[in-house]
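Worksheet: the structure to be examined is printed underneath.
Chain IDs A, B and C follow the sequence of writing; residue 1 opens each chain.
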Amino acid sequence: MVLENHFSEKFTTAQVASGVASTIFGAGIVTLPRSAGEAIGTPDVWMSLLFGGTICIALGIVCAKLCQRYPGLTFYDYSSQVTGKLIGSVLTICFVIYCLLVATYELRMNAEVVRHYLLQRTPIEFTTFCFMLISVYLVLGGLNPIVRLLELLLPVTTIVLFVVMLLGYRNFELENLRPLLSEGISPVLKGLHSTATPFIGFETILFFTAFMRTSRDASKAVVVGIAIPIMIYLCTLLIVIGTLSVQAVKTLTWPTIEVIRSIEFPGAFFTNFEILFITVWVIEMFTTFVVFYFLASLGMNQLFRTPIKYFHYGFFPVVYFLSFYPSNLDEAFQLGDIVGYLAMVFAGAIPLILLIISYLKDGSRVEK
Amino acid sequence: MVVGLAIDKGKKKGEIILTNQFVNTIEGTKEEPGVSNYYNIKTTGGAMMETVKNVSNLTDNSPYYTHLKVIVIGEEVAATTNLMEITNWFLRHHELRRTIQIIIAKGKAEKILTSKLEKRTIPAVELWGMTQNIRETKKMPRFVTLGEMGIKMTDEMSFLVQSVVPLQQGLKMAGAAVISGKERKLIGWLTDEEMNWANFLVNQRKGKEGGVIKVLDEKTKKPIVYNNQNIKRKIVVSRKNGDLSFLVKVYTEGYLLEDWSLTENSFENNYIRTVEKQLTAELKKQTTSVLNKMQKKLKADVFGFRTQLRIDDYPTWKKLKTNWDTEFSKIPIEVQAEVKILEFGGKGNKLPKR
Amino acid sequence: MELRQDEKITTSQAVIGIATFVLGSEIVILPRVASDAIGTPDAWISIFLGGVISTCLGVVCAKLSLRFPTSNYYEISPKLVGKPIGFLVNLIYIFSLMMTGAYQVRIQAEVVRHYLLDDTPIAFTAICFLAVSTYLVLGGMNPMFRLFELLFPLSTFVFFLVMVLCLQDFQIENFRPVLSEGVLPVLLGLKAASLPLYGFEIILFFTPIMNEPKKAVKAVVASNSITILVYVTVLVIVIGNLSSEVVRTLTWPTIEVIRSIEIPGAFFSNFELFFIVIWVIEMYTTLVVSHYFSSLGISQLFSIKIKYCYFIVIPLIYWVAFYPKNINGVFSLGDINGYIAIFISGIVPVLLLLIAKLKSWRGQNV
């Protein structure tokens, strides 16, 4: 294994679970209420989210199972084992591109929110650059520091997110969520794609399993890793829609942050809770970005057998300039949609197909 | 300690009236109502230095100019006297800093320094603060310092100076005064509305942000307001068969921050594009009209076409430079505008899609 | 040489010694003088070329002194061209040094009067300046060099800091188009632009007292690079801020540029004070060097004890400094000084080196 030297230490199940969870948390949390509200149109968004989450858990287990069949190998290795060298390489390259696109999207969203709420007059070229510098610094350290940092940050960010969300209960009105299933179940099912895309990131289990101390627990890790985001997203959706109503949510660019901005304590001097939220959220963006950035370089490293450092540096300008390709906010959101569709392919379809092929191959081997 | 100077024309020919605004240092110790925090002393003379020295005949505090913030020049003086002559003493004397702000007053300059302010601050200091607001609004030109004014007049470069009018109560920055580089005299005014557009044509080294473009939506006739965040301006010099012409490329990027039309949907990229198109058309129309005014009516190149010509086509520049402003008025100029909306703030539409 | 054995200087001290001697009054007026002579914004090219030439001449001086590792300028010339001509050359050189010192005294006094003490008679500031110089010179060579070593990094740092602050009004358009009038003005302005770089011939005195005289060439090249860098920076910043047309109308363009620095929101804005302080230090070091070496010259030429010479030189410098009646006279004093410098530090060392080479070629013992 080429990888051996990067990963002196194997990860615990808890580390992997928190790794998956913090990779999932990302841009979705601030845009989910609007995109889901637009797709579904009724206040039953949260049901759709639960469905979407369940599907993702199932897919996560598929990924984990697939990975467990090839202990110590990552997706990049066994995809060629399963499908042959040529298709395997193509898959690797596609996956690398997908990772880069996710990283780009997170980068741009982060820059947009920071510009809108914090640094109006700072060019996003600059905030993006700073963000990338820190990320690449972490990435250069290898996977171990990344995972340890994720483990460290996740509890803090989760608690802060919960607390901030719960503070929003003051304006919460249950009427906004009623009646249930006013338009029947079909909008809920139709909107599934929009509530499933925020879970992008669980496919990292395809890689994490290879470095786990007990790879048997991969399924457990992925289930826990997805359950945490489900809780947070559910909480966010309920609070945001309960506070604003679905109709209003659809008109707001960053509905979650707007809700947090309306938190006010009578008599309290301190009101800018969104600063707290944005700080935590930027950290979450950072973790997502770092993981995908690393996976992209890892893929190239495995494919070309060149030191991974070169790709860490080489992707810097690529991602940086790619993030300015969308010329305005709408195009940036469109990039998010594209990433969502790609995720369905790379996190859903491909692992499933690979798993089936792999089962079939084993079967034929037994017959022989 | 003098913080403001106002220069006006006297009754006799060539006479200058100088109003010195002193900080009243006694005021700091007493909180009595009625004691003003400044006082003005008016002197007359034939030249600046002479006029300044006359102040010592009227007060025990001889004027000290190191902390001088603004010099307000009256309309009448600016239009009839060579400004290079008026400012000569200021540029020579070591007490005056080159960073003092120059403002041209509509009407008498003295009225600016004696105007009543609701805040009861010193008018000169208030005025100085107002000159710095170029980051907020584009309805005034960037401030001109004494040093910059000296540079431009030496180079025979026409330029814009902030102008101010007294109101019933308070002051108002009102567009720009156009100073001809050749004559070094006030030759005309730009209103604050015109200035809003002229600012897109000026090379902005500082204060690229600020300023709005407002259009009425074609369909709904409701206002849409765009907040500029960055301006890039480029001049292209071209010569075809010996005919000189300029192309100005104006590019601005910023935020769509107000939209009254109910049918708005900024989450759709198409909508953003149509708004951009309308803003671009407006920008092009207005900048062209300002450019026309500068070329045909005022005949002054305040936008720096001359610099670009000097850089790109030095031989032609050498031929034209002696009478540049007249030559400038004959050269065809085309404006190419581009407005880019980067984002649209926290709310993208009013009524959600059904 | 009456120098004591312990009065040896290191290479870096020699470098700093030359640089501090060369850098002086010209910093504040060079932009005007150079722009006036050249007329286009290309003055920086001129000074660059001038710098190359002066570095070559500096190398010539160093080579010359390496041929006579124990003798200084005053001792070399009589050896090569005979007593009477040598005496004459030395006399001119002493006069040139005194003029340089006098010029510093006067310019310093003028600037201090204009910007700082407008009611103080310049004679007073000049006498103070000379008195401080005499005090240092009386201590001998070592304290002099150690002081230079101490002050030089500080003043260079402050200088560059102030220059960086000037960048906020810098406009690259002021330099364009490059070479608008062709190369000719640049060449014509070479004389004016390179005058402030003269002074490197002082290496002829430093080589005998360096602990590694072999490094004399290196020292002169290093110090020349420093001075070129400083002058090019000044020129670029000043012309970039004011444009070359305007520079020509200002008496002290460099200080005017520094007076325009304003940091938004900062209370303190009088940056020219910093600059004038370090600049007066630069002038002071130049004066000290010329004071010391002109006294040394008189002492060697007329065999007078050097202690007396220190005091003999003071009235002479003072008299030369106040010979010009007004500021324009001062500037022409600078011009004359420049011409003498071209002769004494440009032409004479080259001739001397040629003669030395010829002599050794003809097998004479030198």
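By our rule, a residue touches a chain if its C-beta (ideal position, glycine included) is under 8 Å from a C-beta of that chain, and two chains touch if they have at least 3 such contacts.
Since the structure is predicted, the reported quantities are computational estimates derived from the model, not experimental observations.
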| item | value |
| --- | --- |
| Chain pair bearing the highest count of C-beta contacts | A-B |
| Innermost chain, taking as reference the mean of every protein Cα atom displayed | B |
| Length of the line joining the C-alpha centres of chain A and chain B, rounded to whole Å | 50 |
| Distance between chain centroids, defined by C-alpha means - chain A, chain C (Å) | 66 |
| Distance between chain centroids, defined by C-alpha means - chain B, chain C (Å) | 44 |
| Residue ranges of chain B in contact with chain C within the complex | 94, 97-99, 145, 147, 150-151, 154-155, 205, 307, 310-312, 314 |
| Complex interface listing, chain C residues touching chain B | 114-115, 118, 171, 173, 176-177, 180, 242-243, 245-246, 249, 256, 259-260, 262, 269 |
| Chain B - residues contacting chain A, complex | 209, 229-230, 266-269, 272, 340-353 |
| Touch list for chain A against partner chain B, complex | 37-38, 112, 115-116, 121, 123, 246-247, 250-254, 257-258, 327-331, 333-334 |
